[in-house]
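The same chain A turns up in both complexes below, where it pairs with chain B and then with chain C.
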Partner chain A sequence: MATATVQYSRARSTYAALRLSVLQFLADPQWLVPSMIAPVVFALVSFELFRGAGPYFLTYAILGAGMMSMWGQTLYGSGWATGMDREFGTLEPTIQAPTPYLYVVVGRVLWNVISGLIGGGIVYVVIVIVAGGPPAVPNPVGFALLFVFVMVTLASVGVIFAAFYVYTRYAGFIQNIGEFAFYIGTGCMFPVVLLPFVTNPVSLAFPPTWGLDALRYLSIPGYQGFGWGFWGDLAGAVATTVVYLSVAGLVFQRVERHVLEEGNLSEY
Partner chain B sequence: MPNDSSAIETHGITRDFDSRKGFLFREVTHTEALKGIDLTVERGAIFGLLGPNGAGKTTLTKILSTLLLPTQGQAFVLGHDVVRDADWLRPRMGLVLGGERGLYTRISARENLRYFADLYGIPRTDRERRIDEVLARVDLEEAADRRVEEYSRGMKQKLHLARGILHRPQILFLDEPTIGLDPKSARETRKLVRSLVADGVTIFLTTHYMFEAEELCPKLAVLSKGRIVAQDTVANLRHLVGGDRTLDVEAYGFDDRELDSLRHLPGVSRFLTEEFGPVSRVTLRMRTDELRVDQVHAALPNHPELMVRERRTSMEDVYLDLVEEEAR
Partner chain C sequence: MATPLLAYRPSFWQTFWTNAVMAPRTSLGFMRVDFVLGTIFIVPLTQMVFFAFVVQLGGGGASEIAYTAVGNAVATVTYSSVFSVCQTTDSEKQQGTMEHLLVSPANRFALYFGRGLIPILISLATVAVGLTYAALIYGVSIPLAVFPTLIVSIVLTAFAMVGFGLLLGGVALYLRTSIILGNIFLFVGLLLSGVNFPLSSLPVPLQWAGDALPLTWGLAAIRAAVAGESLGSIAVLWGAVGIAAVASFGAAVGLWKVFERRALSTGSIARF
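And now, the complex of A and B:
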């Protein structure tokens, strides 16, 4: 066996992590519950609650329910997978591989975005069947494109969240405490403008807050969100997402340095 | 600067850990896991690191394999600093930590290897052939497409090994590679290790098993309580603890005069006493052939039950002597 020096590729490593996520998903049917079944249940409950509230309010309710589920899937799924790496003891060999761990996380986040979109698609189909027709959306193409982008905003936060799972084994515990605060704080459940004004700066630090508000502007005529309107929301979503993705590399570098200093990669 | 012929060189490596207990009232325990490790390993050889549990073997292995930063000191692997040049080193080194963990158990061995092959950038055109090759090498071909959760402990250990050599590393770190394996699998693993060395791979191996160290490692170090207590060839280590020949002398108790006469027999370089219930054992280590068994019998005429057994000094003797000496 001649020794060889190989050169990793970031894109290939990301694809490998995505593929591994798919394989693990297929190997364990329990993941159907949070990623595919829960969004449908949330959406059906919302549908029943707001059945008589008018076509756009129905869209609003379904959007909130669906986004809440997909938010969980996209944002927490990636961190959780890193937590599982700790538990399985696969974090050490993965960190020891030449590929920076960030690209593994990006691959997982991509899978979570895809599964979130599949979940969203299933919600849509179920609602169409139950309601006897598609929910009223003034600009379906724009809505679909923005929906995908909102998933990207979620993914950008998911990448940073995953770093905390590398940083400490207690990340899951902290995340569980903060989960519903994040749902509310980013406007998944209802518009952020309804929250006390002092909380707005914190909410606006998260890209999904901007993206979700933009999505509501686009899908609900007469919606009153942030004063800067749809384009302001969109610009804010793009800017904050770019910031999150730009700092992700640095965050992972720092986190990796920290765990190598602490020597806690095998703790779970 | 590291020596070009060295695969590993460390200078004064220390590693401290702080472990914390409690939620409101944090209790911090400080541990010095490594206390100034100086080590040199030649390229293309097997180097063994022996030591009891908690001696610091895994800590040192993790530092050398870039998974842990030293608190102080410098370590070079293949001539590169393990802290500064980790990115250069990682594709060139393999690490086998072993055990039940460290594998994706819900997928097959082949898929585990595909994933790591991609992370290591093994050329796509070569990937499947390389996976088949390592699976054959560890004798897992038939089970390659079974989920790892169905594997026995030994099969998982083999898969760890397969992953460790998949990218053809120049240096391989094996942390207790045969622990928990049945004798046949352990023997196959040792055979594999020897074949890797024949291929030019440098092996850094930690083990509890003295016979394994003796069988595989021309040079080894004994680590005890975070310090290297000896580092040399097996023959020189034997010499260090008193010689190649050992006589075990057993009887129902010896008085001081008898012990003194044994101690002063010709050629005795090391003298150890142990008690096993009513039985006392004196171990005599010798560098020369001048002392014969009948001389021991002659020195202890009042013990008809006396048993004297001559044997070659084992690595276990060497290890126990060195570790116990360090403990004292």
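And now, the complex of A and C:
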């Protein structure tokens, strides 16, 4: 007796997840607003606190708030999607589908990164209007390229977080209560070297910490970040991102197997 | 001929107490124990540390950092008082209980005030823990002698902020979702209420906007109490906080009445 073979395309699944995320956003674009308000307010507050501290502090405010916006989208977006799947009862069918859940998550995370970038753009425009002009960036092309790479580092964290959110029912807690902890730990608005030294290993476990430090080295003359400098930061960012992306598949495989064995996915 | 049935109308205190007890399990159901503990113990610490480092990077000294620490210790009250309370409208709509609420004969003031009781208590705990962090980490001096005026200031601020949250919840009744409104007022105080820098640093129109927020007056009263200012000067600020509280509760009840009438006439407001 012949058995039917399951055929699926991973790329098509990722594209479908991305497309669905875009359609959901277009159907109700107001959801960009909640994740935008905090970064814009923090940027304005930081701008006021940095006033008179030097010309490059404008870059600190913009870069920090822009990163907070993207962090927010990554943290919220990844957790929100899984939480909603669980609430709507679609998490079990999605996990049971022939396509590994990872490829669905990658599609969603891709959109989160893009919407985070839109948010970062809005922060930039608001601060430039308030400040009366754009910040001076010594190497705009290098800055733009590195900025895109930092988005990739954020995406790698988003993928790992999404795997964790499948397990935990505390995604909302992590997003809401841990929000400032992530901003502090990765040095969104200030260099991580300002934090107590003992906290540095935790910070360095996150790829965006390295990426952000590299961005500041590139855009702020005289910046005092990690002692290993721009190239060390860049190497660290690449290495941690590769590690995150490498383990993402493994983590998802284990998570999927475990939750299928336990059969308690729909509980929340 | 059958006598008409008299409508059952619970007493004011019965409505108040039932809502105070039930709200954390129903409309405030998203405020689980982990959320409440996180709001009281983690959020004030992380928010305060974040802005203290920003001030430090901007060249601020110990006094500026202490100013920011006190401001953020108090500002975190918005999570439990404004954001959570404002979200109750969404909860009612999502759970499908809004229609039942709208046709209930219960006293509205008792109902809303009762729902605010637990958020008021959480707000008191949040500010107390936040100020303790400010004293322990950033050396903010809070002498025992100022405790009576400080406690009155904190209690008044908590009431005013929960009243403001109920007011926003009333506005949210008309909106599709309250999450945007909640997010705006969760963070806008950081800019407009003198949390991180004196209000006088802002352009005049923004100062006026800040004056319309209860957090501005509550924070001013708490700062005055911590600084050990005279009772006379603090009493003026208490008056302002009290007016903000009464105005917020009054406006909230008024707004709900307006939207209730509209809801009953159109039959569509409970949808989202």
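Basically, the second predicted complex is superposed on the first by the 246 of 268 C-alpha atoms of A that agree within 3 Å, B and C clash if a C-alpha of one lies under 4 Å from a C-alpha of the other, contacts with A are read in each partner's own complex, and residues count from 1 in each chain.
The definition used in the following text is that a contact is a pair of C-beta atoms (placed from the backbone, for glycine too) under 8 Å apart; a residue touches a chain by one contact, two chains touch by 3 or more.
Just so it is clear, the structure is predicted and the values come from calculations on it, not from any experiment.
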Is A:Y15 touching anything from chain B or chain C once the two structures are fitted on A? First, second, both or neither. first
With both complexes superposed on chain A, which partner does A:W111 reach: first (chain B), second (chain C), both or neither? neither
Contact-wise, after the overlay, does A:G89 reach chain B, chain C, both or neither (first, second, both, neither)? first
Does chain B (first) or chain C (second) touch A:E261, or do both, or does neither? first
Across the complex, what residues on chain C touch chain A? 30, 34-35, 38-39, 42-43, 46-47, 49-51, 53-60, 177, 179-180, 183-184, 186-188, 190-191, 196-197, 201-202
Considering only the defined contacts, which chain A positions touch chain C in the complex? 30, 33-34, 37-38, 41-42, 44-46, 48-51, 53, 57, 60, 170, 172-173, 176-181, 183-184, 189-191, 194-195
List the residues on chain A that touch chain B in their complex, please. 1-9, 12-13, 15-17, 19-20, 23-24, 27-28, 88-90, 92-99, 104, 257, 260-261, 263, 265-266
Along chain B, where are the residues that touch chain A in the complex? 15, 17, 59, 62, 65-69, 87, 90-92, 95, 97, 99, 101-107, 111, 114-116, 118-124, 133, 147, 163, 165, 167-170, 196, 199-201
